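Some structures are shown below for you to check.
In the two complexes that follow, chain A is the common piece, with chain B as its partner first and chain C second.
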Partner chain A sequence: MSLAKPAMRGLLGKRLRFHLPIAFTLSLVAAAAFKFTVTEPRKQAYADFYKQYDAVKEFNAMKEAGIFESVRPSGE
Partner chain B sequence: VCLPACLSLSLSLCLFLSLSLCLSLCLSLSLSLSLYVLDCSLPQYNCRLDTPLPDVPFVRELTNQQRALKEKEKGDWRSLTKEEKLALYRLTHQFSYAEMRQGSSEWKTVLGGVFIMLGFSGLLLWWQRVYVYGPVPRTLTPDWTEKQTQRMIDMRVNPVHGFSAHWDYDRKQWK
Partner chain C sequence: MKSVIQLFLLWSVLVLSPSLSFSLSLSLSLSLSLTPPLASRCYSHGKVETDEEFDARWVTYFNKPDIDAWELKKGMNTLIGYDLVPEAKILDSALRACRRLNDLASAIRILEAIKDKAGPHKDIYPYLIQELKPTLTELGISTPEELGIDKI
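So, the complex of A and B:
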């Protein structure tokens, strides 16, 4: 029986040459996917909310609901 | 609060009792039988995947037949039959690599036992919940949680994505 001599050297290098590019691309893809599915929509949602936000109107509504301690509703 | 402590105390008491029972059984058995005591200062046989050549052969006390086989082994190996070669292998090794690797179905028993004990614990906790625990705090009653929810809506808690984003302030209902 004459089997071929197995590879004795360069095993780590071969593994790294195969796995490192895959690892880097997958990491970049994961980061990009998170950015464009989570952070960008979230930033847009906040921007849209505050575009039409009237702070004084909201404050008056909250005041009438009676949640503040320093400013009571207009009825009292 | 002291009831979980009581439960754990009773469980530990159960374990201690069962352990002491086991120990007493073992002691009684050892007094009646003559146990082989292992001398750990001498080389031992080991059945491991990473050491293919153990320190000592598996079978130490050979019968006459086995001793004759060992004498035959000192000669030309081509004169040995297949059965003799296998017998020599079994003299020096307990399991082959395939037998060492095969594994067992013990995990099913273990998992089954674990689930039985978990289920039993669940039943105990259920009984505790019904017969031992007192009433919930007043902050968890429906009356309080209604007032709490209304206050959260009035405060505009998380208006962008979260709580108040789901409340329609114009129609005064959930979206």
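So, the complex of A and C:
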């Protein structure tokens, strides 16, 4: 039984025409997914933390804890 | 969400399954034009070469009576760079050139090369061997399978 002639031209082109749009789309989706599940929540967490952050209060707490060398706790 | 992940995994298996050599060998001169021509320069001007003209050109190239070893190698390497598996008539012409050059090694290598070119398309090589059988018998060329060198 003799074999029929298969397609022999443009095989890579055909494969790429099929797979490259999928690849690009999936890459964009992956980037978007990462952005919205990781970076945006992270940015929001930082924003929320610093919204009510009182730098002076935190400094005084650290000062009283005695971790600085240039300024000692109020007791000493 | 889970089905999306499953779909992605399925697609990535599909992408990665063909042999690496197929993609590498064709990657250098890929053509994404919508028409099949391969050595196509995507002119908006100028005529695009038809498949028949392409085949005829290569048959003529290998039919040169006094072709030399360099031209044979150059021709084959150029041909391998295209996004196609060469037609049986081009390969016939190339094998006869090998015969004129007393180069059996290159003749068998050509057979290995076209098997590799076909990549995941396993129906191409058996078809070409079928078409080339008369030539192979006439010229006394063994296939890699007959020599047992097709498996690593």
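Everything that follows uses one rule, which is that the second predicted complex is superposed on the first by the 76 of 76 C-alpha atoms of A that agree within 3 Å, B and C clash if a C-alpha of one lies under 4 Å from a C-alpha of the other, contacts with A are read in each partner's own complex, and residues count from 1 in each chain.
Keep in mind that, in the parts below, contacts are C-beta pairs under 8 Å (C-beta built on N, C-alpha and C of every residue); 3 or more make two chains touch, one makes a residue touch a chain.
Computed from a predicted structure; not experimentally measured.
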{"item": "Touching partner for A:M62 - first (chain B), second (chain C), both, neither", "value": "first"}
{"item": "Winner by number of chain A residues touched, once chain B and chain C are compared", "value": "C"}
{"item": "Touched partner set for A:K35, first chain B, second chain C, both or neither", "value": "neither"}
{"item": "Contacts of A:R72 with chain B and chain C, given as first, second, both or neither", "value": "neither"}
{"item": "Chain B versus chain C as contact partner of A:L11, first or second or both or neither", "value": "second"}
{"item": "Interface residues of chain A shared between complexes with chain B and chain C", "value": "none"}
{"item": "Sites on chain A touched by chain B in the complex", "value": "42, 45-46, 49, 58, 61-62, 65-67"}
{"item": "List of chain B residues in touch with chain A within their complex", "value": "151, 154-156, 159-161, 169"}
{"item": "Residues on chain A engaged by chain C in the complex (per definition of touch)", "value": "2-13, 15-17, 19, 22-23, 26"}
{"item": "Interfacial residue positions of chain C with respect to chain A in the complex", "value": "8, 11, 15, 18, 22-23, 26-27, 30-33, 36, 38, 51, 83-87, 118-119, 121, 123-124, 126-127, 130"}
